[in-house]
Amino acid sequence: MGALANQLPIGLSIAAVLLLIALGLTFTFGQMGVINMAHGEFIMAGAYTAFLLQGVTSQSFLIALPVAFAVAGLMGLLLEWSLIRRFYGRPLDTLLLTWGVSLVLQQLARDLFGAPNVQVTAPGWLVGGVDVLGLRLPYNRVFIIGLAVVCVVGVWLYLTRLPAGRRMRAVVQNRELAAYSGIATGRVDRFTFLLGSGLAGVAGVALTLVGPVGPSLGTFYIVDAFLVVVAGGLGQLRGAVLAAVALGFLNGYLEFWTDASLAKVLVFVAIIAFLQVRPQGMFVLKGRALV
Amino acid sequence: MRSRTFSRGLTALLLPALLATACVDEPGGGAGASGDEIKVGILHSLSGTMAISEVTVRDAELLAVEEINAKGGVLGKKLVPVTEDGASDWPTFAEKAQKLISQDKVATVFGGWTSASRKAMLPVFERNKALLWYPVQYEGLESSPYIFYTGATTNQQIVPALDYLAAQGKKKMFLVGSDYVFPRTANKIIKAYAAAKGIEVLGEEYTPLGHTEYSTLVNKIADAKPDAVFNTLNGDSNVAFFKQLRGSGITPQTTPVVSVSVAEEEVKGIGPENVAGHLVAWNYYQTTTTPANDAFVKAFKAKYGADKVTSDPMEAGYNAVYLWAEAVKKAGTTEVEAVRKAAGGITIEAPEGTTTIDGDNQHVAKTARIGLVQADGQIKEVWSSPGPIKPDPYLRSYDWAGGLS
Amino acid sequence: MTGVGSPTPPAALLEVRGLRVVFDGFAAIDGLDFTVEEGELRFLIGPNGAGKTTLIDVVTGLTKPAAGSVRFGGRELVGRREHHIVRLGVGRTFQTATVFEELTVVENLDLADSFRLPLRSLLRRRRGVSDAVASALEAADLTALADKPAGVLSHGQRQWLEIGMLLVQRPKLLLLDEPVAGMSRSERERTGELLHRIASTHTVVVVEHDMEFLRRYARKVTVMHQGHVLREGSVAEVQEDPRVREVYLGRAKGKAVT
Amino acid sequence: MTWGRISLVVCVVLLALAPLTLSPFRLGLLAKYLCFAIVAVGIALAWGQGGMLTLGQGVFFGLGGYAMAMYLKLEEAGSAGLPDFMVWSGVEELPALWKPFGNPVFALAAVVLVPGLVAFLLGLLVFRQRVRGAYFAILSQALAAAFVILLVGQQGLTGGTNGMTNFTGFFGLDLTDPNGQRAVYAIAALVLGVLFLVAKLLVRSRFGRLLVAVRDGEDRVRFLGYDPALVKTITFTVSAVMAGLAGALFVPVVGIISPAMLGIVPSLELLVGVAVGGRFVLAGAIAGAIAVNYAKTLFSEDFAEGWLYLQGGLFVLVLVFAPKGLAGVVESVRERFGRKPVEVTA
Amino acid sequence: MLSVSGVDAAYGRARVLFGVGLEVPAGSLVCVMGRNGVGKTTLLKTVMGTLTPTAGRITFDGRDITRLATHQRVRAGMAYVPQGHVSFPQLTVWENLQVTLEATAHREPAAVDEALDVFPALRQLLKRPAGLLSGGQRQQLAIARALITRPRLLLLDEPTEGIQPSVIDEIEAAIERLHREAGLTVLLVEQYLDFALRLADSFVVMDAGEVVRAGAAEELHDEEVRRMLAV
């Protein structure tokens, strides 16, 4: 029974990881209808940013967060500007296109950083943990949960409080009216991509705390990330949050009761079953539909 | 689609593709030992997920080839390596093995890492009566006449590790592994051993290859409170496992983890601080003190860079080339059956110490070593077997292992 | 508030009763009663947002009503899936003609013709042209373009093709949504003639704004306004009704201009 | 017509000559490409004609492959014995799931029926709910991921990551013998030819026209009185069966079936050839599958690290510059220079 | 101020405008009339740049804007209130206004106040999501949103369509005030005669994608014109 309660914070921390990797996708996939298979490689870019920056200063891990946001964000911007722009309205083609890009990026990482995993040392203050209800909750997990919360709140504030965020919501809700309101919609699209990719970069830095840092990093997370977005529904922040939490707990408990392999399979079955009830995910944004 | 209009021109598309494949049949490279050259195949994953591990083994094998050539080659002929990419894909290993044998006509092949790649190549070598030198520790229960196994079999790695743990008074164990054949076989051996020696196995958990979410598993370990964890995770999963294990407060002091797939190269990727103090079981470490190893490490760093580390599978690959060369010298030919016959009893002073080919099962006698991971990423030997252990892939000499094979 | 002809239910082909459709809290149709007799050519008009297309959407199963019933030949349509309703004999066209551009004109028509075939016969290749398709080709004046992909058709030709596709399905009720929108004058005329011919053998409901068209071909007109029926009657009757003039010329503000 | 006939004849002749001119090794490779070409025909049907981008075709390939492998393993092990991997895995008695696969008829039926049934059920579930486009693509991808995990986890049943290997015979043919290999090649070529014709007939049938209609206007098709979910499910099932047959042939051709063939990446790789060759044209898809896999062999022999660049780059280039693939390029070249005047938009 | 000449436009293959010409002099209120589906909305969309004309030329203040992006036209001083009281439904009223202000060239916060002065009723609704407003309130918001850009030319597409009568008066009064008092140039699309009669300086009647009649407001009393508009 104790262990069962223990799974609560674990479900939460799995949810936090899912949320971090999927948050950026809710913008690029959910809001723009672009299925960016290279999202995982933007996560990887964030992780390598943390690798390159470490040792530069004593707080390089924290510095890596904004830098990774910028690096991955710029990569996303470049991708949107150079390729994806031509593909709006062809979501299936963007899927294949970005998968091609992801292959190239993986090989590029292999050539730049070598095939083996590289070492990213967690800062000293993230070593150790805190005891909660008899369970030791690692600081790095606390940090990831915190970062996920910060990112969600940040994104929420950005969307609701900042001019750029308002513009983004305006474009998503009614692209034509946004143009009539004087908004340069093309620029907003590009910025949306920058934000979504940047968040992937931030996720990448955080994942160095709990996972490997190597050229295949992105491939470990991409499917889960998409499932979160699919289950959450199009372009809705609250959908992504709820789906991440639900899948996190589902994963945590299923793995506890069965094993890691079976849990993954069962989660997939659960998603198919869920889509039978809600084919469009938890929340549907009226207006712009995908496909 | 206006398929009628299209298809007219389009079956024509088949032409170039088919012509290309059908008509280009590169001429074979002649016999393995022709003129003053001997071709040897080197077949590892240079791309895909396994490239992480296998590229370094290839490097070590190429180093050995280079060194042998520098000393005048074999039978007065130079070794010419033909490198192929297994692409972390088992059918590709089989395909490339076939290519090396039938197209390049190499004298022998050094290659493979995963059990799956070996199992895929095995029928190819048996069918063609060609030789494969396989350099990685594996799950045993195999003995092919056309494969030489220069890595450890279970009685040279897992069993000594268990002996060590038992000697340390570890009575309760938790088994963690990636979901594939080596961990499952290893754990079967461990359970048989445990049953015979009064050790309790508290849990046995497998995760998919490439799994990175270990909080639940770590929770299960924390809950079970074992004396030791026996870890047969492979590759990237180790990084996630050790990072998340460390965060949970499970320390090497309370619960040491013994790993059999974590070598110097992996320690670097995991981050030494995450794995320091835990145990590993191998036959060789970079710190192993033999004259041959000093030379090996020095040569390796000189060739590939001072920041490079050496590890057990690399050393086993390096040895494989030397062992084959010695066998060829003894046989006086590269002809496969002659080399096989000559190989039994071949002994070299390898970086890990004296190693001898066992003519019966084509494995190699090796010294087992338990090591402690240091904060600098190097591994310090804390125990070693008194001498090279005779390979016993089917564990026939262990009475507790009766029901295993 | 039923229109004309409600007391004789047995002959009614389509009976809509108490229909209510809500979009986001806004009632696009509210308390609508609407009846079409067998053999009628009915025009459905009304200002923008009156609920004409919504009505067609409900009848054909595209939109689910919040309340009310739609009975077709005595059978309830609400709750049935789109293709079932088609199979019961209700066909429709769309405001923007949707034909399959990759398929040829004949293939488009043949596809429409084959919907009652069992799967096994669908797996066979089309050999020649059925009588229904041939006559639809003729009716839509597309015989010359029969083997061209529909993608090359002009807008007007597409509309005719779509009507032709409807014809080969031999529906008991045709619902045409703005068949002449976006057509040139000469095309309108030809469409009118086509419609006239169709109406002689089918029950047809047409949503149309083009008044010239209306005057020429309409027998009975239903004027919709704000989700309900405002007036039903002959063209002349409707034209004379001050309330109708009001919703067209003035607004529902109460200030009649005439 | 003559153009197509001539090239078809040339292709058949080339395929027929290949066993005489190629070394057994190269012939084996060609046979492998033909297996992928069979999958490509199915993908071209589902994706090109039907608009269903399936990222999980490896699953069906695997189901067919495993069904065949199970039979071959049992055949080899004889009536009393166990397949080799079960011996290593410590399985002592033949699992119930395996028993019927000792029967060749059952195994051959399973090659067709198992992938078909899985695809049919999945298709029915998702297409009924009008899950389509990207959602379908992502779900099919997740299916591939889940399926691999499931296979790997059942080591005693499936051989785990190792899969099954070391097949020596195939319905009386000796796979270690060059003549046996030639026979297997001939079977693969024959199956490809037959399935190509079947697909071609399907595309030209009313059903094929309906499929294109569903791709271009699913909602409109509903108003013609058809159920698009059924049309899509049937097509998806057909394409899955083709993948299953390809998988079953892959086993004797390559001599191994393992989860590595069925995951996300192999499933996507199957798409590369189709996209490059031209997804809208069956022959283009076949040519693309053969050409891309040939390129993969060439590259990994001479320029291993560059393969990912080439593969990724190919995808990007094709989608940006030739979304209809090589077939589209050929078509537009023919439109420009061909004798046949092509109708320009009226 | 605005000059449209010889404009053809089409949605895909459906050709909607056939050589439409139109002049909107500075300070005038021009009313485009015609029944449903004759191309009025298409004309406005073409003027605003969401639809590119296949032929013809559009100038604003003498500058050729035929190829300009929509948001650039807005910044040049044209504002458009589309048909159907559209807004950003999940943005609050305030956000609807603010997002427009932030996209303007001037960015003067006072513009929001000025716009709210036109429809004071909106002040109580600032925190409410626009999707929850009534049609009339949404239309007031839509006009206010357009005014924030401080346009010199305001294009209104059936501003009173589908709106409850009480609000129609307010909207009408507001348009009148803006035109008469502030001297705003207005291009109004209307189906209804009485509205045009009260406000317009001049009118244009469209039918089947063509301008079939144009003239001063007085001519609207002409019975022939009425027939063009009514049933």
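In this document, chain identifiers A, B, C, D and E correspond to the written order of the chains, with residue numbering beginning at 1 in each.
Heads up, the rule we're going with is that contacts are C-beta pairs under 8 Å (C-beta built on N, C-alpha and C of every residue); 3 or more make two chains touch, one makes a residue touch a chain.
Predicted model only: the values in this text are computed from it and were never measured.
**Q** Most C-beta contact pairs, which chains?
**A** B-D
**Q** Please name the chain that ends up farthest from subunit E once chain centres are defined by their CA atoms averaged.
**A** The chain lying farthest from subunit E is B.
**Q** Relative to subunit A, which chain's C-alpha centre is the most remote?
**A** Farthest chain from subunit A, going by C-alpha centroids: C.
**Q** Taking each chain's centre as the mean position of its Cα atoms, how many Å separate subunit A from subunit C?
**A** 48
**Q** Any idea how many Å lie between the Cα centroids of subunit A and subunit D?
**A** 32
**Q** Averaging over Cα atoms per chain, report the distance between subunit B and subunit E in Å.
**A** One centre to the other, that is 75 Å.
**Q** Report, in whole Å, the distance between the mean C-alpha point of subunit A and the mean C-alpha point of subunit B.
**A** 35
**Q** Counting only residues that touch at least 2 other chains, which ones in subunit B make the list?
**A** Residues 1, 47, 179, 206, 208 of subunit B each touch two or more of the other chains.
**Q** Could you pull out the residues of subunit C that touch at least 2 other chains?
**A** Only 24, 102, 149, 153-154 qualify.
**Q** By residue number and range, which residues of subunit A touch two or more other chains?
**A** In subunit A, residues 107, 110, 219, 259, 261, 264, 286 touch at least two other chains, as defined above.
**Q** Would you pull the subunit C residues touching subunit D in the complex into a rising list?
**A** So the residues of subunit C in touch with subunit D come to 60, 62, 81-83, 86-87, 91-92, 94, 98, 100-103, 107, 110-112, 114-117, 119, 121-126, 148-149, 151-154, 165, 169.
**Q** Which residues of subunit C touch subunit E in their complex?
**A** 24, 26, 45, 47-49, 96, 153-155, 158, 178, 181-182, 184-185, 188, 209-211, 214, 223, 226, 238-239, 244-245, 248-255, 257
**Q** Which residues, counting only subunit E, touch subunit A once they are in their complex?
**A** Touch residues, subunit E against subunit A: 48-50, 69-71, 74-75, 79-80, 82, 86-91, 95, 98-100, 102-104, 145-146, 149.
**Q** Sort out for me which residues of subunit A touch subunit D in the complex.
**A** For subunit A paired with subunit D, touching residues are 29, 33, 35, 83, 86-87, 90-93, 95-97, 99-107, 110-111, 219, 223, 226-227, 230, 259, 261-262, 264-265, 268-269, 271-272, 275-276, 279, 290-291.
**Q** Tell me, which parts of subunit B touch subunit D in their complex?
**A** These residues of subunit B touch subunit D: 1, 3-23, 25, 28, 46-47, 83-85, 87-92, 94-96, 98-99, 102-103, 114-116, 119-120, 122-124, 127, 139, 141-142, 179-181, 184-185, 188, 206, 208-209, 404.
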